Structures are given as C-alpha cells and as structure tokens.
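Below are two complexes that have chain A in common, paired first with chain B and then with chain C.
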Partner chain A sequence: MRRGRSVAQYAVVLWVAVTLNFALPRLAPGDPLEFVIGAELGALTPGQRERVVREVGLDRPVPEQYARYLAGITRGHLGRSIRSGRPVADVLGERLRWTALLAIPALLITTVLGTAVGAWAAWRRGRAGDLPLLTGILLLDSLPVFWIAMLLLAAFAGQLGWLPPFAALALPSSGASRGWAVATALVFPVAALVIAGFGHTFLVARAAMLTTLGEDYVRTAHAKGLRPAAVVFRHALRNALLPVYTHAALSLGALASGAVVVETVFAYPGVGRLIFDAVAARDYPVLQGAFLLVVVGVVAANWLTDVTYPLLDPRVRAATPGTSRAGAHPRGPAVAA
Partner chain B sequence: MHPFRLIVLALGSAALLAAGCDRGPRGPRSRLTVAIPRDVGPLSPYIGDGSVLLGLVYDKLFEPSPFVPEPGPGLAESATQVDSITWLVRLRGGVTWHDGAPFTAEDVRFTFQYYRDGPPNRYTHHVSAVPRIERIEVEGPLAVRFVCAYPCPLLARVTFADLPILPKHIWERITEPRKYAALPVGTGPYRLAEYQPDRYYKFVANGKYFLGRARAEELVMPIVPEQSATFIALRTARVDAAARDLPPELVAQFSRLPQLSIIRTSSLSIIELRPNFTRPPFDIAAFRRALSLAVNRDTLVRTVLLGQGRPGTRGYPHPDSPWSNPDLRTPFDRASAVRLLDSLGFRDRDRDGVRETAGGSPLSFVLKVNLAEPTWIRMGEMLVGQLAAVGVRLRLETLEAGVLSTQTSARDFDLFIGEAGAHGAADPDQFVMALQSGYLWRDGLPYPELDSLIAAWKRASTVDARRSAGFALQALFNERPTSIALAYPDQRWAVRPEAYDGWVESPGYGIVHKWSFLPPESRVGTGARAASASAARERDAPR
Partner chain C sequence: MRATRLLGGGAALLAVLIVLAVAGPALAPYDPASQVSPPFSPPGAGHVLGTDDVGHDILSQLLAGARASLLVGTMAATTAMLVGVTVGLTAGLSGGAADFVLMRLVDVMLTLPFLPLAIVVSVFAGPGIGTEIAVIGLVLWARTARVLRAQVLAIRGQEYVVGARAIGAGTPRVLARHVLPSALPLVVPELVRAASAAILLESSLSFLGLGDPTVASWGTMLFYANARSAFLTDAWVWWVLPPGLCIGLTVLAFALIGFAAEERAWPQRGGWVRTPASRR
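Our next item is the complex of A and B:
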C-alpha cells in the first residue's frame, strides 16, 4: 500500500514535469525557424515559411503536438534536432556519456574530499587554524564557477601551458592515447566542479560531524579509552555521513544536466553545453529531451535516496516495514559497544 | 619515507611528466588546427549557417562570391548571356564528386530546381524571386541553359557565385533535407571526414580537386565557444589559427606577441541602427534622415571600436562592395538634423529637452540591443547622448538574442542595433530582395519612388544598366534610410605563421576559406588577396 502510494507520487511528479517540459520551450520567446533558415527568414514568402513550419512539425495544434510528444516518449522517440537534423535520443546518448565522465569523478572527489576535510575540521573545532580555514572555505564556496573556470584557464592553460584550454579535441581512434586524451580533457572541468562544490560539502560534513561529536555514545567511546582517530572516523563519521549522503545523492540527479557553465567555458561536449546551445537556437526537441533527462535523473536520485536510506540508517530501517534486519539496533546506529 | 609522502611524490612527478609530455613536439605541418567559435551543423545548405565551411566541401559555378567585381570560373568554365533573360553555361569536364561519381550538367539542373521548388532555404529566393529562374535545361553533358522570368544580367556574377552545387545522385533521394545529417559529398578541395557535433570538424584534402591539391592535408577545426579559451589556445600553440575576430581590446596585446601575426580584412559587414519604418514617427522619411544626420559615427568608431573600422559615412550597402554607389554619403550634420526636425514640427514645447510631435507625444523611444554584444551596447549608450543633443530621447534596453530576434521579426521595436553581414551588405540582389521582404522595406507599403526604381532595376538587361539602377536605388535608400549605417568594422585574425602562412583574404569571408589552402595559381580571377607575408611572396614570385 505504502509502496503503491510512493510509485503513484513519483508518476504524478514525472507527468507534471514532462508537461512543463513540453510547455516551457514553447512559452519562451524566440523563433526556431531563424536557426533553420538563418537571418534570411524574413525573405521567405508566407507560403515558404509555412512549408518550413510544417517540415519541423510546428504547424500542428499544440494539443496534437503534446499527444505526439507523450506517445514519442513512451516509444523512446524524442524527435529530431532542429539544429543538427539528428535524432534527439542519439544526441543525448552521446552527450550523457561525456557528462557522466565529468560529473561522476567530480562528485566523488568533491564528496570524499569535502567529507574528510569537513570531519577533520569539526574534530579540530576551536583550535588554531579553525577560523581561517572556515573563512577560507566560505570564501571558496562563494566563488562563481565561471570565475573559477576562467582562473584555471588563465593560470594553467595560459601562463603555464600545461593542458589545452578546451576539450573539443579530435580523439585518437583507440588505445591508451585515446584514454590519455580523454583524461586530459577532463582535468580542467573536473577541477572547476570540485573547487566549486567542495565548500558546500565541507560545510555539510562539518556541521553534521559537530552534532555527532556531541552525542553521548561518542563521549562513551572516548571514556572507553579508544584512540581519537578511531572515535572520529570509525564511530562519529559513520553516523555523520547521512546529511552528506543526502546532499551527494540529490546532486547526482542534477548532474544529468551536466554543468552548463563549465562545459561551455571548456568546450566540453556534455549535456550542459547541449542545453546551452539548444536554448540559443530554440531547438525545442533537444530542449525537451534534455529536460526530460534531467527530470528523470532527479526523480531517480530521489527514489535511490529513499531506497538506500534504510540500508544506511538502522533507525529508518526500523521504521520501514519489511526492511528491518534481525539484530539491528532499534534506537540508534551501531554504537561502540 | 612515509608511504603517504611517497604517493604524493609519485603523483606529483607523474603530473609534471604528463604536463611536460603534453608540450612536446607538435604534429606535422600538413595538419592545421583552426579553432572555430560555433557548430554550424553538418555542412548542409539546409541546416545552420555554414557558408564559409560549406565552401571547403562544395563548389559553385563561379567563385568565390558575389562580393568581388567579376567572379572567376568554378565548376563552370564559362557563362554566356544569350539575351536579356537567357544564359548558357559550359561546365568544367573531368570533375568528380568525393564519392567518385562524375559531375555533370544534371547536377546543376537538379541543384537549381531543388533550391527553387524544394524545401525553402537561404538560397531559395535567389532562384525564385531575385532573380526568378523560370527554366533550367540541360543542353548536353556539360552545358546548361538558364531562362529567367525577367532580365538577369547578374546571373553569372551574383547568383552563380552564391549557390553551392549539390550532387543529384544523393540529394534526389532526400525529401526532408533538414533531417539529413550525413557527411556531405561535394566536389570541393576538402572532404569532411569526421564531424562530432559541438566538438570538431575534420577535413581531408581531396587529391583529385580540379584546381590542385590543397596544401594542408588535414584541417581540424575544434569548436571553442569561449573567446578566452580560443585565444589562450592560440597563444600556447594548441591551435594554429582562430576563425573568430580578435576583439579590438586584444589587438594591441596580440600584436606584441612574436609568435603571432595579425591579419586585417574587411568584413563587408555593417553595424546598423534600424528604425521601425512601420511605426510613427519612423514612417516619416525625413525623420529617419534626421536621425542619420544626428549620428556622429567618427566618435563611435574611435571610442567603441578603438579605431578598428571605418565610420558608416558611406551609407548602405558596404562601400567595399563592387556593387555600391561610390557617391553615397551619410555625414554627421547636427545642425541639419535640428533644422529637419524643426521643419517636421517636432519641437520641445515644454522645455524638458525632448521634442514633441504636433500632437504632443514626446520623441522618446526604446533602443534595443543584444545583451551578448558589448560593443553594440556601448554604441547604444553613445547614441543615447548623441540623439539627446537634437532633442530625441532614447532608453537603452538590452535583450537576449532570441528575445530580440522575436521582437524584431514581429516588428515590436522602435529602434535596434544589429549587424548586416556580407550577404546583406554587399550582395546587390540581396539588397533588392531586402527592400521587398520586410527587412529594409516591405512589399505593399506605399513607396512609389521605390517601386518605380525597382521596376527600372528589373528592366535593366546589361550589367552596367543594372549597376546604374542599383546605384539609384541606393541613393534613394540612404536619403530615406531604414538602416542607418553606424560603422564598417574591420576584422582581425590572429594566426601562427610558423604553422602556416599562406592566408589570403576573400572579401567578406575573412581568411579561413578554401582559397587560403589552394595553390596561388588557382586564385586567379577569384578576387582573393594575399593576406599574410608568405602568401604575398608567393603572389609576387615570378612564374
């Protein structure tokens, strides 16, 4: 019953999102025909203009376009890009691979690094260096990602010349050199995303850790004579991870949209840049496909978070029928006993 | 050593080694890398606007463009005007498409019919309206007869130099060209070997090209939208040239870099102020003229373009076009502007510095500008001051490009700043088309003087007569402008001469086009001019 309600909720969210997805590009100002014909759109006769509108499928009544759109989604047909003439599903598939290559390492590095440094900072709260570190991280967290990307470009590509300033490279056909070229293309975008995202993860981890370090079971662990590192990393950190996990899981969904700014600055061919270019060209089919991908990503990440929470937190497991494991502590996480 | 330190040391060494490796020797000179600012689609005449890159793959009957006085033979060997409406074109023999199929007169007939009768595109009105080609008849394997609906003396110099020729054996099967995204097959000096959307184009030289093999065996064109990334790549030798204008503020800095050369070309484009001629008081010709007289273009060019361009004092079209009336003048004359406004009854009755119409409406308007064009925004700010000096108030409004485009298409504006590219500002047929399509004037709006001049233009049956008729049209246009030329910007291109120095200018196309890569002898009659040092040496070398 509870699971059925949950599925229904997700279905409604998806339907609303898909409908908005259909409506928004059509409500946005701009004429996709301008990209199709170019600046000479005005030179077409009304008859010629009608013909182009018909060709790109914008001549049908909006309800019919909507019905076709929904039917297409169920069959996996997302139309063809007005900008390139290619099937949108193919375009998205190619871009998603690049975005995954960028977003997953960036998320992993940000989460691991942010959590480790955040936990360490919480442990050292009030000691020398704590305030400057916190100030520095807050400053870092406030930097716009565009600015970070431009600094990386200027310093490491411009002054030092270590790496190419763009990722739009022709890759070697196969082998280690191809892998190396891809890795090279990833360095700047991943670095920009990690620097931009590190501060937030740090702050979440530090706050969660501070709360946890004040718990009775931590005091008990100290009283038992455990080494401080064991108390912090084995006992306290495990229980402080939930907010960090939630933050990371929700970020994972948003990652389906790539990183629009970073991908554009570094000419990285991911979903974010696709969205940027599609907005500029009013390429409705691509916009709809990309936003559908984002919606599905966000909903799937929420679902994944819902499903995995009981596995991580015995308190949630105890409160969720059918997920309780024999021996799990009903009142709290695994405490050093 | 502590294991952690050992790992850090190893990773650091690897990173340094990797960075060092990456700065190693560059590839062979036969491969050129040219950064381009945007993806122009799969090089189809039906998708996007890839006219310059299109020219690497496709050829035209005459080359290089309508922007030179007399284009030279391309796929055509000759074109003869039989009478005022008929042309006979003899085609070059022995030409093959990239897939090996022979090029014939059928391809030419098919192409012109497809553009005229098939799905409309950017070329359609150049065969269906100005001019209108009624019949296209194959007269033999390498001969085609064209018959126009009205005199078409510029067919060879303009139309034939504009339309890329398509292979019939491929395109006759394509009913929905906007959904056709396969790699193009042309006759041009390069074959598009690979296209990765939003990443790069890779061209390979066509060894059988009829004008000789291109001198760069492979052209790789990464798509780099970010301007800073492009010029950093150029400075650090990641690319050999950039197919995007060097912004005025970077010219001085880049000129000092010994590894770079800066090449200046004429863009044949016009930065223009466009009044909405369908909306009062811009529907009054004298008011539009007063606005034109009130604009100090010298100041705009000196202050905003940092002198890298010319003031728009020669009106519309571009003065470098061989089809432009050399006597056109659009001077800055504030006193005349004031007199003209006074004579129209637009006076500042309430002494607030802004004139009012006879009905009491203040001459207060919105000037719309694309927010992605800082140069135009700055020009807009200066125009606000310049027009205030004659009692016309402007409020600057910056808009996203798509929004601005929608509003201008719907004629929802008072004034906006835009740019007419070479096709609009230097092609004589396009000028006449624009006077009928709504761009510069609209068919149906009363304008007897214009109608009569267009009728005379259509009747003109020789090149000279057509040129004279065009000059008369231009004189009338600038007397009652619906596009006020502000500036003719220069283009500056940064290249690495050590990688390649054979760049030539083709008017309106800059330097990144096929003529820069073809042997010097193939450029005869194309109007292409040596733009870099070694290209000039080659040009001057005794043969």
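Our next item is the complex of A and C:
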C-alpha cells in the first residue's frame, strides 16, 4: 500500500516536471516559437515562419499540442538543440555518463566521511569543543559550492600547480593514459562536492547516533562491559545508519544542484555544465531536457531508497505494509505516503 | 545557554551586514557600476581591493552586493512564508480533499531539485530582481507549509481545543485564540532558514548568469571572476575570496539565528538535532 502509493507520487513528480516543460515556453513573455528555434526567428520570412509553426505544431489547439508533447516524451523526443541542431536526447546521453562518474564517488565519499565523523562527534558530545564544532559545520554549510570549487582551483592549480585546472578539457582520446587523465580530472570536482555535502551528512549521522545511544540496548551493551568504541561502532552505528541511508538518497537533489555550479567552474563535460552553456546560449530545448533528466535521476534515487530500505531494516520488512509499523520509517508517514 | 550564544553571534553578524547594506552607498569610495580605473588593477592607492575586468572598484561592488543579497534573501523568504503559511493553515484546518491535494503538491515541490527548477523558470521568465525573488520564493515554501500543517493538526487534537469547541467556540475563534498563537512562533525559524537558503540560491543563480544584470550582487561578481579565470592569478585574493566570504558569513548569520530560534520553538527536540538550511 505504502509502496504503491509512493510510486504514484513519483509519477506525479515526473508529470509535473514534464507539464512545466510544456507550459513554460507557452506562458513566458515573447513568442513561443523563439523557444524552439532561437534568435533565428527574426530572420524568417512570413511564409517560412508559417511552415515552421506548422511543423512544430504550434498552430493546433493547446490540448492537442499537450497530447502530442506527452506522446513524444514517452518515445524520447526532446526536441533539437538550438545551438548544435542535434537531438537533445543524444546530447544528454553523452553528458550523463560524465555526471554519474562525478556524482557517484562524491555521494559515497560524503556519506562514509560524514557518518564516521558524525558518529565520533556524537560519542564525545558534551565535551569541550562542541560549540566551535557546530559553528564550523554551519559555516561549511553556508559557503557557496562554486566558491569552494574556485578556491580549490586557486590553491591547488593556481598557487601550488599540483594539477591542471581544467583537466577534463584536454583528455587523451584512448589508451591507458586516458583512465589516469579522467581520474585526475575528477579530483577537484569530487572534492568540492564532498566538502559542500559533508556538513549535512555529519549532522544527520550525529543526530541519529545521539538517538541510538539513548536506547536501552546500548546501555545493556555498556553494562556487560564492552569497550566504548565497540558499543558505538559495532552496536549503535548499525541502527544509526538507517537515517543516513535515507538522507544519502534524498540529498541527490542537493548533489544535482551542486553539480551544476561545480561542473561550471571546472569546465567538466557533464549535465551541469550543459545546463550552464544552455543558459548562456538560451538553448531552451537542451535546458528543458537537462532539467527533466535531473528530475528523473532524483526520482529514481528516491524510489530506489524506498525499495531497498526493507533490505536494510528487518523491522520494516517484517511489518505489514499499511499498518502502524510503517511509522518506523524514519521519514515518517507524511513523506512516505 | 548555547542557544543564547549562537543567537548573539548570529545577530551581531547580521547587524554588521545590515549596517553595511544601508550605509553602503555612503561608505563606498566609488560608484560600483562605473569604470573608475584601469581593469585588473591590484589593490593599491585608492582601491583597497583593486578593480575587476572592466575597472569597477571591487570594494564598492562588495558594499553594493550586501544590499542586493539581503534584499533578495529577505523578500524571497517572505514570499515563501506567505505561500507556505497560507497553504499550511488551509491544509491543516480544512482537512479532507483540499488537505490531500495541497500536501501532494508539497511532496512534489520537496522532491524537485531546487536549483535546476529555479534555473529553468528564471530563464523563461527573463532576468530581473523581481523574477529572482518570485522564483526563489516559489521553490522554498513547501517545507514551511508542511511544518505549519503538522502544528495545526497537533493543536486541533489538544484537549483544551476540543474543550473550547465543546463549549461552542466556532472556527474563527479557535483559529484566532488557539491555532495561530501556537503555530505562528514556528514561522520565525522557518523564515530565517528560508532567508539563508534564499541567499545561497540567489548567489548560485547570479553565478550562472541569471541574476539581475543591473544589480551588482556577490554572485554576479563571482560570475565575472570565474569567466575571467581570476582564481588562477593573484587576483583570487581580492576578487574571488571577498564575495564568497561575504555570502558565507551572511548565510551563517541567518543559520545561527535560525538554529537558536529553533531550539526555542522546539525545545523538546534538544536543538542540534535537525539539519541546517537546505541547499537543495
């Protein structure tokens, strides 16, 4: 029941994104045709213009346009790039691999690092240094991601000269050196995303750990004489990991936002840089396609978390869906419903 | 105790920023929008932080940026609160189908990634400070709506409210006497949280070239610094470092106040439990 409903909810998110893409060019000030073919519009003769309008279907009633648009989306028709004339779906396909190559390591490193440090901070809570630590984490969370990226370049590429600044721009086309070059190109962007995402994961892990450390079974573990480190890392951490897991998937939206600006700074050839270039060139079809792709990614990650969560938490697995035990899900029924 | 210290730190920081934003034009040595000296001048006589790629005085731009960031941040956060509070109260009080539809809308808004959504909408709406405020307000209201609705539902179930209804108090009276007084204090931490998120979003949009071209905001300064690869030269010290630090300190000021306000509004949560302002 709960899972069935959440699939319906994700379908609604996708539908809203698609509908937004359909509505924006038609609601925005200016000629909707400009959003299909770009600034060339002014150079068209009335006859050519009429032909293009008919080709694109803008002369038909809006409900029919909408139906055709939806049908096209399901077949992967996202229009053509104004700048290059290529199908948007092809452009996105090329860029997606690069963003996955960046986002997956960033997410893994952030989660592992944030959890370890967060659990450690929960364990030593109340001792000196708690307040400076909180302030430091809040400051880290307050810094713009793109600025962190620029400072990384300033320090390690500009001043120290350890790595080339825009390594992703000059990759060798093949051979063993390519793998190494790609890895080099990933260092800075991944580091920027990890630094930016660390604070959040840390706070979630710390909070989850504090809750778990207050449980009876932890007191029992202490009472039977286990070492404090064993109690924290072997007994408590397992349960505290559940909210962290949920957070990791939900933070994919934040990661996508971070990737847009970080890829822009590093001239990294992913979806984020594509969005920046599309904004600069007012390449509307590419921008809309990229937006839809990001939404699909976020929705897929959310759904994957829902599906895999019972594998991690036997309590959820044992509970009959739809009963009160659904409340054991840390996101609570309000989100899961 | 801890809340007080955080609040003090955040309030002091914010006060300094407000003074700079208000007195900025009087303090600024030059007009931030006019070319006053050769481009790419390092710091020196007359220009404490040097000049940018077209010869604007960077210190003057920094002062003007305080005004832009605080204006957009607070206006967008206020917009988000107006929408969020209205939706939250409506959903919580009416229940039924309206509640269901509004809360599904909240779910959708919270699932959509904020920055890509804001980018797409602002590109179509065209640049301008009004667009920026509206777009940022539009992507930030959902959290508040959910918080307020939960509080309204909690209060409606309280025995004293059930009692008040039993002795004949109508909906307007229950709303004015019981629901609003205990729901509205929650708006304060939400507002502060939304303001810090709004300032970060504004800086990201401006950094991507979607800011108001006539307003020198910190994000716009970094957009030009990035376009000219200023971070690879010595200019990173006076052109890249200051605007980012200003954004960070402004967001931090709001985050500290928000944290303290939250510890007071939700004492049962023990403060440092929830995560800071979302960057999504």
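Everything below uses one rule, namely that the second predicted complex is superposed on the first by the 251 of 337 C-alpha atoms of A that agree within 3 Å, B and C clash if a C-alpha of one lies under 4 Å from a C-alpha of the other, contacts with A are read in each partner's own complex, and residues count from 1 in each chain.
Going forward, a residue touches a chain if its C-beta (ideal position, glycine included) is under 8 Å from a C-beta of that chain, and two chains touch if they have at least 3 such contacts.
Note that the structure is predicted; figures quoted are calculated from it, not measured.
Asker: Between chain B (first) and chain C (second), which does A:Q48 come into contact with in this model arrangement: first, second, both, or neither?
Answerer: first
Asker: When the two structures are overlaid on chain A, which partner does A:V298 contact: first (chain B), second (chain C), both, or neither?
Answerer: Only chain C is touched by A:V298; chain B is not.
Asker: Does the superposition put A:Q9 against chain B (first), chain C (second), both, or neither?
Answerer: second
Asker: A:G199 contacts which: chain B (first), chain C (second), both, neither?
Answerer: Only chain C is touched by A:G199; chain B is not.
Asker: Contact-wise, after the overlay, does A:M150 reach chain B, chain C, both or neither (first, second, both, neither)?
Answerer: In the superposition, A:M150 contacts both chain B and chain C.
Asker: With both complexes superposed on chain A, which partner does A:L163 reach: first (chain B), second (chain C), both or neither?
Answerer: first
Asker: Going by the contact rule set out at the top, does A:A223 touch chain B (first), chain C (second), both, or neither?
Answerer: A:A223 sits against neither chain B nor chain C.
Asker: Touch test for A:R83: chain B only (first), chain C only (second), both, or neither?
Answerer: first
Asker: Check chain A for residues that touch chain B in one structure and chain C in the other, and list them.
Answerer: Looking at chain A, the two contact sets intersect at 28-29, 35, 150, 153-154, 157-158, 165, 264-265, 279-280, 282.
Asker: Contact residues on chain A for chain B in the complex?
Answerer: It comes out as residues 28-31, 34-45, 48-49, 51-52, 55-56, 80, 82-86, 91, 94, 150, 153-154, 157-158, 160-166, 168-170, 184, 264-267, 269, 273-274, 277, 279-280, 282.
Asker: How about chain A: which of its residues touch chain C in the complex?
Answerer: Chain A residues touching chain C: 9-10, 12-13, 16-17, 20-21, 24-25, 27-29, 35, 131, 134-135, 137-139, 141-147, 150-151, 153-154, 157-158, 165, 196, 199-200, 203-204, 206-207, 210, 251, 253-254, 256-258, 260-261, 264-265, 275-276, 279-280, 282, 284, 287-288, 290-291, 294-295, 298-299, 302, 334-335.
Asker: Along chain C, where are the residues that touch chain A in the complex?
Answerer: Per the touch definition, chain C meets chain A at residues 2, 5-6, 9, 103-104, 107-108, 110-117, 119-121, 123-126, 146, 150, 196, 200, 203-204, 207-210, 219, 222, 225-226, 229, 231-233, 236, 240-241, 243-244, 247-249, 251-252, 255-256, 259, 272-280.
Asker: Residues of chain B touching chain A in their complex?
Answerer: Touching chain A: residues 19, 22-23, 35, 39, 41-42, 44, 46-49, 119-122, 124-125, 129, 176, 178-181, 194, 196-200, 202, 220, 222-226, 228-230, 232-233, 235-236, 238, 400-403, 405-407, 409, 421, 423-424, 433-434, 437-439 of chain B.
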